[in-house]
Amino acid sequence: MNPSMTVAEIARLLGAKISGNADTVIRGVAKIEDAGPADITFIANARYVKHLETTQAGAVLIAPGSWVTNRTLIEVNDPYADFVRLLTLFHPKAIWMRKGIHPTAVVEADAVVDQSAAIGAFCYIGPRTTVGSDTVLYPHVIVAADVVIGCGCEIHSGVTLREGTRLGNRVVIQDGAVIGSDGFGFAATECGYEKIPQSGIVIIEDDVEIGANTTIDRATMGRTVIGKGTKLDNLIQIGHNVSIGSHTVIAAQSGVSGSSKIGDQCRIGGQVGIVGHLQIGDRVMIGAQSGVSSDVPNGDIVSGSPARAHGLWKRIEVALTRLPDLLRRVRDLESAVFKAQTKDKADS
Amino acid sequence: MNPSMTVAEIARLLGAKISGNADTVIRGVAKIEDAGPADITFIANARYVKHLETTQAGAVLIAPGSWVTNRTLIEVNDPYADFVRLLTLFHPKAIWMRKGIHPTAVVEADAVVDQSAAIGAFCYIGPRTTVGSDTVLYPHVIVAADVVIGCGCEIHSGVTLREGTRLGNRVVIQDGAVIGSDGFGFAATECGYEKIPQSGIVIIEDDVEIGANTTIDRATMGRTVIGKGTKLDNLIQIGHNVSIGSHTVIAAQSGVSGSSKIGDQCRIGGQVGIVGHLQIGDRVMIGAQSGVSSDVPNGDIVSGSPARAHGLWKRIEVALTRLPDLLRRVRDLESAVFKAQTKDKADS
Amino acid sequence: MNPSMTVAEIARLLGAKISGNADTVIRGVAKIEDAGPADITFIANARYVKHLETTQAGAVLIAPGSWVTNRTLIEVNDPYADFVRLLTLFHPKAIWMRKGIHPTAVVEADAVVDQSAAIGAFCYIGPRTTVGSDTVLYPHVIVAADVVIGCGCEIHSGVTLREGTRLGNRVVIQDGAVIGSDGFGFAATECGYEKIPQSGIVIIEDDVEIGANTTIDRATMGRTVIGKGTKLDNLIQIGHNVSIGSHTVIAAQSGVSGSSKIGDQCRIGGQVGIVGHLQIGDRVMIGAQSGVSSDVPNGDIVSGSPARAHGLWKRIEVALTRLPDLLRRVRDLESAVFKAQTKDKADS
């Protein structure tokens, strides 16, 4: 059951002024194009102001301004932030799992599962593993031996946590992610490649979220680390012994090769590749599809493959559009200069 | 058991003329290099005509022409299309699963599974889910709460359908794909990133096929939609609130960021990246590894990263090969012009 | 329990000379920054020599040289290779699974599992499948019908082996990989795309390793082949009918489209794309993020998208940095030449 609130109640909650009907009952949240008379919506971008005339929304969160409309407006300084608050309110996290251990789950005798945790159907909890309080494992989570899972975690279906993996608190892992697979380490010998034992582990700190089907390799020795509050999107590859700082965000399908270190508060686009053994500083921004092959200092912005300073990359991309024409212009210049030289010789 | 047919029977089926032995018995289909005396094969490309002399095939589908060979030929206008017909005939879809619910599967009490469906070992069917007639769930399919699966679907092993997902009819999902994982939505706050609730769903329309380990995120609000007849290859990422039209094809490892809209009958290559909030029209073609960062109108062909009109991109790529040489030529020009200017000054 | 050895015993094992304390007891291996007094470490790269002064390591494997240090050194010709030997010795492969078939596993009546194999919880072993001696299937491995798994294989959790797949001996497959999913084959018709039956199989030869969440499609007809000793990293896509030779290495997130052939002993970087129907020779090297769209002969090195000879690609990348400046220089030249021409005309 969704909650319901009047516009007046919402405005009071947000400490905001109303223009329009304070008694309208709001039962949900929606995008401005989709909102109906019982929905509240928001405008955070001038491009969407045009929708004010046609929207069916019961109320609109909007920055203060002299809007001429017959819609009910709630004026707030940061419409998107307040909208996210309402979204959380109207859509409380929907955990459909029941507490306790599903009768089909296998929990090895020497594993310890907190009694407030929920363990779904067909979960496997390996030897010497511990699962903290209020943690939810959806059906078909596979936990190998010697794993530590903190409190308040949400591990979705089909996730594998390989031996020795350690998760902090409030970690969220989307479906199908693999944490702790063997690093890609082989020594070339005369009879082919010999596997280098991968005996390290993976550490996932508090408040990390990891996307669907993302893979994080264990360290060869020591630890692969994903720092506190960092968010990884889907289908990302993190190589062995990589270390990522705190509050860094990486978009889908990017890959980080073995032993590279990434700092805090970085923002990395989708389909980026980072080669091994690099140092990427704090607050670095990397454009989508970049290929990073050298260290990046704190605060730098890089783009392109191979990655360059963002400004230079942009100038190169603009110049490239004119490259075919440039070839023609140089040819013209060459014939003009040649003609001048020939004439010069003829003259002298 | 594969069926067997004589060359005469096959020719009659295809309404085609035979040159050679009409009585040869055909028991299978194969590529021309691999075909044995009981196989039928095809030539759809002039490059393969040379194999006519050496093939062991019992019969060859080929376009009408004055072929001199001692092989048995069946002359048809579209050899590949007719070969696909025979392939379907000789290799009827091999469902090795039995109808009914495997004794190890868990079906929640308020879920409804049609009695003609097949539910494999260790499948989990969540609360309030419905599974339509003649649908097959291979072992280890995970279906969360409130999911609707239509008729005649094939869901392969390890697939997760998250809460609220809705599948049309005849949808095929290859192994390990994740449908309905949370979108990558976080609001930056002073204490790090706060998760934006992802309360929307994913809609997969009729006749869609989705590749192995592909991930499709649920909408933040509303719906992520994959339109009728669209085909997605393996390891593709589809972000939250993306909408893809009908009969569009996307090759492996491409990614579409949040809220972008792709039209009907597009053809998108492998490892393409499409940034968020774009409008890609109908019948658009996008070259492999392109990075699309602006809208693309109906019918356009784009390539490169960043993506440009395909013709311009090709001219740039050709010109790039000559760029190192161009640098040298400009240096030569500069010294010639400098010399002329110096001489000029000396003369005057 | 890890083994323990004195420095003298290790030196004898490696046939090496000691400088320092031969009696130190070594209980583990570690990177030079992390090593403690009971660990042995190594220096294979001059950059790490500086750590000799500060490391806590009980002993250091190092190439012969006149090192001035109070650390205990073991002098060997190839410190990294010998370190890998010790790594294997101190970290013997940690199989935490017990032999035999877990009581929750489902093994179809006509499947044959060697009694020395280990089959984990919730594994599904399909009809007519065989599992060889000393093979380990971790929990939640899904094996469809008619699969052959050789001896000494390690198949990690969540792996799917689709119908007809054949694995050699000592094959290692990391978690979540999908072997034998349908190839991406559709014929365009007037009513949309029609699925082309994918009736071939996948062959994985001896000593192959396949990374987490990698996908390998079955052949349309015939076989997709991964040759002896080849190593594939995580999240790789291998299309239908691809053939890869022996002892080839491919890094994470690369993709190979349908029917391409790759030779022996190739080294292919991460996020590489290879289009369909190509011939890549033996000992080819392909740089990370390259896009290969034409055949590559034996021994060639290519880079870039589209891929070019590595030397040309490097020259182009260097020249690109100067492209914005080149535009300005050509503009200057044009105005100089124009001025000269104008003056010339005025003079004559």
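The chains carry the letters A, B and C, assigned in the order they are written, with residues numbered from 1 in each.
Throughout what follows, a contact is a pair of C-beta atoms (placed from the backbone, for glycine too) under 8 Å apart; a residue touches a chain by one contact, two chains touch by 3 or more.
Here the structure is a predicted model, which is why all the values come from computation and not from measurement.
Visitor: Rounded to the nearest 5 degrees, what is the angle of the rotation that puts subunit A onto subunit B, matching CA atoms?
Guide: 120
Visitor: If I list every residue number at the interface of subunit A and subunit C, are over half of them used by both copies, so same, or under half, so different?
Guide: Mostly different residues: under half of the interface numbers shared.
Visitor: Between subunit A and subunit C, what is the gap in Å from one C-alpha centre to the other?
Guide: Taking the average C-alpha coordinate of subunit A and of subunit C, the gap between them is 25 Å.
Visitor: Would you pick out the residues of subunit A that each touch at least 2 other chains?
Guide: 104, 122, 140, 158, 176, 213, 235, 253, 271, 305, 320, 323, 326, 330, 333, 337, 340
Visitor: What part of subunit C is in contact with subunit A in the complex they form?
Guide: 29-31, 34, 80-81, 84, 87-88, 91-94, 96, 102, 104, 120-122, 138-140, 156-158, 172, 174-176, 207, 209, 211-213, 228-229, 231, 233-235, 246-247, 249, 251-253, 270-271, 288-289, 305, 317, 320-321, 323-324, 326-327, 330, 333-334, 337, 340-341, 344
Visitor: Please name which positions on subunit A make contact with subunit C in the complex.
Guide: 104, 106, 122, 124, 126-127, 140, 142, 144-146, 158, 160, 162-163, 176, 178, 181-182, 184, 186-187, 192-197, 199, 213, 215, 217, 220-222, 235, 237, 239, 253, 255, 257, 271, 273, 275, 291, 293, 305-306, 308, 312, 315-316, 318-320, 322-323, 326, 329-330, 333, 336-337, 340
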